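So, here come the structures, one by one.
First chain A sits with chain B, and in the next complex the same chain sits with chain C.
For the complex of A and B:
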């Protein structure tokens, strides 16, 4: 039996099997490698000692955001992501995003940042705010450990972004401050690899960690939720002063900044107050900072409140323009002229949009095609 | 009727006042329920909580009065005074309900947490309900003068039930159309005050008469200003809801309350406290209409169930449709909308292609002979069992029957962007499961609202942006707020994929008429929206299995047997304390009446739900069904009131108990049979018989228990107090767990079996207690 000659048929069959095996092997190996060697990135990350302090006993205090939580052993920060493990502060939101998707960069919302390009959006669970109207309440109001998560290390994200033709990675949807370490490390890595980073945040962060971020993040879409401390406390569960500070820091660091204000009917649609806000923006941040007024739709704990009337949004936009802000947009309402970018000089529409879809781009090297005025923003 | 004939002239006022007690309690129950639902944005659980508080307090009232019954020598003036008290407190109660949001720490427009909801309804309903319970017992005590013993209780029970029936009917058919809540309460108050005036007069109580007289005058003045009071209080109510809104109009129909609130140039329509739609709202109407209408290549005949007023109808008509049948349950919504809708929407309503039909959607679909290209269902989220009927397998089957072969079903549920948590996925997944049981192709849109498009035809529904763009462009529609680019905005391919994949493996829940799980999941979600913490009491209930009935049964049985042993030993002692005497028997009777009260309510809910699913929600019919239940109650108790003398109290009581549990077991089989019937009249007839039988058994059991209990405690007030109380306390637990937990989680069949098994356990318990020893004669 042992010395039987192999028939040609058997030989061909075996050759075929071998070939298939050879063809599949790299794929299998790659999967194995990714899943077991590289893919199993640790979702626990010890927070940088600059951003937390060990107190007496096993207590620690976190300094990432203005809440400055003091935690006993085993306690979790308000943001649900940072936990005290026997006197060391760990982030549970690392390499474990629950949302990965590809969006137009306008969705962040950034209208002056590489318009018409795609961005890879990443978010983990948790948030250091408690907005009653949260659009991401399914993941922001939970601990990351309790969600169904992907496994995504920085290098995978960068590779994915490049494969899918995304120029940027966006840290968005939930509050990136809650996954600060993950965002920072990914931003460090991706900026080395030529992928830019944008952050959509409520700006509720301490100046020091923010300054570090500014080294790697190219564009900030900050939600200035209103201009009234009471509103911040009641609806968002945060405070206004740190947010205004953060905006100034970003300006000082000369990073591209756009501001979004969600107008919630009867809560923060007082026009006098919005006017004050626009004035503040102009004095402290300059009139080139784009301001987006977003339309509220009934959501989460405010399901019983009607959507913002378009009329209110239009009034707000008019106030912004009256106060001298050059770029005031309306988002979440389309089609509307408030979606477009107009040249401050010749008043022609240099970028035409419907919602966050770019229809026409009349910019040439960051200048208006018609009158050659330079338009502030990140265009190339 | 025999009773009424026998009544002499002296008994007329007390007879009338007991009937009036029934009317008062029924009507104030309906009114307070409606008012509380507006505050709570009613879901099925809040219904349960309200009924729980109501029945609990009435039960407690009657028990308290039963316990102290011996000390009351002259019940008539007390009865009259309490009557006055009820009349005075009732309107205050409505004010309290309407203004209650300001006591709770809740943001404007926010959901009230379950704990606050419980405390609130418990506190507000307490006094009046306690008094109603007390009145019942006092009534039996007064009656005891003419008719002795069980007869007295029976007559009061029957008269009160007759009052309830007539109260319900009068409210539904007359009062709600002609008067507002305050006017109705004032009218009732005047009637109560007059009766108590007569009672006090025959009792010779001077100062009482004066008080009642003054109250009558005050009430007449109040009634004259009823309209103003109502408007003022509801204005305040909505100002607490949101101080920036102006109340334009608030009206009640038999289906509930519709309030129109203006904010700047926007009119917001609230149905029972929750936002129905607002106008003008270009965005949501356009999304709903233009995403749906391109799902069919040639939509000709459209059936729109609900939701047409927000602008959907207007946008649908921009597409090349032949005609649109628009079904709306409550004419009041359309009447109000006519006043406040922008002209373009009014034109759409007047369009000659549109036919408006005022009926229940489910009822219409069941009896419909037409065939449609599209059926668009635009109904609020399934927060109650009644709304849930529009999200079940059976309903989707019925829809499929009225669709053409290539027809498309459109429905939707609220959702969340980017990520499905467990609760949301289970809720929307259970509806997805139901639809995909019926249709071959189901597609779901992403975003904060999931639209479901379902069909059997190939290449009909699609979420491919290019396909939809082409269909839209080919129709050449002049929609102002919608362009072909919007398909890109709302249907990002990555998200479309995620949503459909996630829903496909969402845990395998399927929403059925016989197991309406979706509204339970809605309550779970609702708990997230109302809570500030992450307290999730409802998630673990899903894991509860039917087997936990075993320890409950063992506990009940062993407690009965233990008591029986204890009491037998006590009997042999020389100095047996009075309270120990026959404690096992009293316990057995009370437990039996408690379980029957619970089971009776659960069966009633089961039957009502099945009826609404199989037949449709036709208000008059539903009102009639409730009346039939009460009629069964009356007949049952009358029959047993009269066969009392044969001295077979225990046997007859045990037989009813056995029949009741068997009846519970039979219902599922009858359902299987009835669901195959198509003729609405036959269904109605079947359910009338079933519900009559339930009422009969509950009534008979009540009387049986009274007869038997009187053997061990001759005091009529005490007997009626504790029996009535046990019955109601059982009922309150049944109404809390029946609709909101048992039916959705166990399903209707297992719920019936649950009632049946509990009944058998009690039957065995009764045999164990009563059989070893014959009840003492001449006791």
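For the complex of A and C:
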């Protein structure tokens, strides 16, 4: 076989191509690794076709939450995060959190989920509710693009959580349903990396996306705003039925669930109604679901109201206990015995807290140290 | 010139006498007014301190009833020791005699010296017994308080305006949770390099003033060292990316906290004394106190009278925005 000769020009050309390839390869590989292995880095993300439909013309319909928004081109969902761009629905919240903080997991609030551990809290702008008392309205009632944000890809959040010794990532503060795709992808990635996920939400979400979420979210702190459709409509701009359905879905999916009800004085502090709520919880979700009655503090559009009297909260707690709920807590009132976890059997305080700070944990392998009764929750 | 009538004489003389008397006792009146006001302010300050603590403890009716019962026990105990106690009476008599003798400065008669030592010894023993009895009441008080309430009492410093953690504690799910330290670091981070170089001394000076308010005046050397330490943390914060700063700001704030040697020593001393202590602890000092009684009685009364306000008519409130089916889209 004859020796093939190569001209100097071709040699230089090939060498150049090889050099460019060598130079570009790391970037391409890194991009591929980040997008496919670590998670996407863009803040504009096309919503999965499972959760929206292209309608006639350039209209689209979103199916993440029960609002099922129908959007013309250029319009944004009620939650302010999903926008119709020429017949395609995009999330503007992806990789775009406005809050990143390290908190105690009890702040979510979750009292039966790795007590005393830290969580990396993440929130973006936007919310599909319009609660008159929202304490985070500066974030929840704004579009993500209108806030000061951090560019935080899933892999960075997980790395940050691990570096700072957080056992969980909490999707919280505003409404994670509004940043569904970002939360889901981060939860997928973090669960692969051994960091668990918790979600604090109003539970106003459609069953299908919620079921998908249940595969990656380990604990839910759902705000059941009240037990009256009128209250949901007038005060929260929402409806009760989908929330009750969501609670049942979470229970069916056997995920850890805690419920919070903010008691707004003169608005939803009717004890007969709260009793009905407790009965519903017991019948549909069981007596072991912790219920937190939280104190309202004047905020946003309800600044004219006083804070909830502690006695009202104590009365609500008593009702919950009378109805057979085993773990009824008081939030935003500390110190108070309603902050502690009591063993339903021996009545001893198995986790002593002040607000969301754990003072003493008397649980051993999820059991009461004194009488060995198993206490429901995620303890390890 | 008109002659002064007899009734006029009476009126004028009374007026002059009155003025003279008033002028004469004026000093005393002013003095007593000052004392009275000083006392009032002191008592108001004490009551405000107590109310801040009571409000921060969220005591239940049951707990308040117990605290009042124990305060009553302390009162009876004090009476039995100081009012009807023969040793206390003898002590008062002997000390008065000793004082009279000392005023004359002509040596102390043996009998008075002996009686003084004797009664003083007995007095000490009685006081120790009194302290033990007082402690046993405090133990009962401890038993009705939650550990979390005891932790609040232990951390409590008398104040007129309560600190944020008592006045407006961070709530569940509340995003806005910035400490003053975080806010300061954020201010520093926002400054461009040139502005930072120009303003850093001024801001650090202000911060040092705040530190000195809490720790007392520092020496120049201490101040220099503190500034250097602070500046290093600020520079570290400025060099961080936004994400890193958010993740690390709590630990950075811990780093900017000044090293308070006096507080450390006081805590150490407190721990040593705790084991040997015969006097009341913080819980006893704050709650088994006669001045707290009317405050707690009023609180209990208010709690008993508590009635929920009339429910609002939801049809009449300005309702939240709601998405009408199929028309939820928000236009730009």
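Quick note on the criterion: the second predicted complex is superposed on the first by the 340 of 380 C-alpha atoms of A that agree within 3 Å, B and C clash if a C-alpha of one lies under 4 Å from a C-alpha of the other, contacts with A are read in each partner's own complex, and residues count from 1 in each chain.
One rule holds in what follows: a contact is a pair of C-beta atoms (placed from the backbone, for glycine too) under 8 Å apart; a residue touches a chain by one contact, two chains touch by 3 or more.
Keep in mind the model is a prediction, meaning the values are calculated, not measured.
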item: Side-by-side fit of chain B and chain C on chain A, or clash; value: clash
item: Contacts of A:225 with chain B and chain C, given as first, second, both or neither; value: neither
item: Touched partner set for A:255, first chain B, second chain C, both or neither; value: neither
item: Contacts of A:304 with chain B and chain C, given as first, second, both or neither; value: first
item: Which of chain B and chain C A:339 touches, first, second, both or neither; value: second
item: Contacts of A:92 with chain B and chain C, given as first, second, both or neither; value: neither
item: Which superposed partner A:71 touches (first chain B, second chain C, both, neither); value: second
item: Touched partner set for A:147, first chain B, second chain C, both or neither; value: first
item: Chain B versus chain C as contact partner of A:101, first or second or both or neither; value: both
item: When both partners are placed on the shared chain, which of chain B and chain C touches more of chain A; value: C
item: Contacts of A:156 with chain B and chain C, given as first, second, both or neither; value: second
item: Segment of chain B that clashes with chain C, given the candidates 169-177, 349-357 or 385-393; value: 349-357
item: Shared chain A surface residues [contacts with chain B and with chain C]; value: 99, 101-103, 123, 130, 132, 135-136, 138-139, 173, 234-235, 265-267, 295, 297, 301, 309-312, 333-335, 354-356, 359
item: Partner chain A, residues of chain C touching it in the complex; value: 57-58, 60, 146-149, 151-152, 168-177, 242-243, 246-248, 250, 303, 306, 308-312, 314-315, 317-323, 325-332
item: Chain C-touching residues of chain A, taken from the complex the two chains share; value: 67-72, 74-78, 80, 84, 99-103, 106-109, 120, 123, 129-132, 135-136, 138-139, 150-152, 156, 160, 163-164, 172-174, 200, 223, 230-231, 233-238, 260, 265-267, 269-270, 292, 294-295, 297, 301, 309-312, 314, 331-337, 339-340, 352-356, 359-360
item: Contact set on chain A toward chain B in their complex; value: 98-99, 101-103, 123, 130, 132, 135-139, 141-142, 147, 173, 234-235, 265-267, 295, 297-307, 309-312, 333-335, 354-357, 359
item: Residues of chain B defined as touching chain A within the complex; value: 41, 107-111, 242-245, 263-266, 268, 270, 273-275, 278, 280-284, 414, 416-421, 424, 448, 481, 483, 485-486, 488-489, 492, 494-495, 498, 528-530, 532, 534
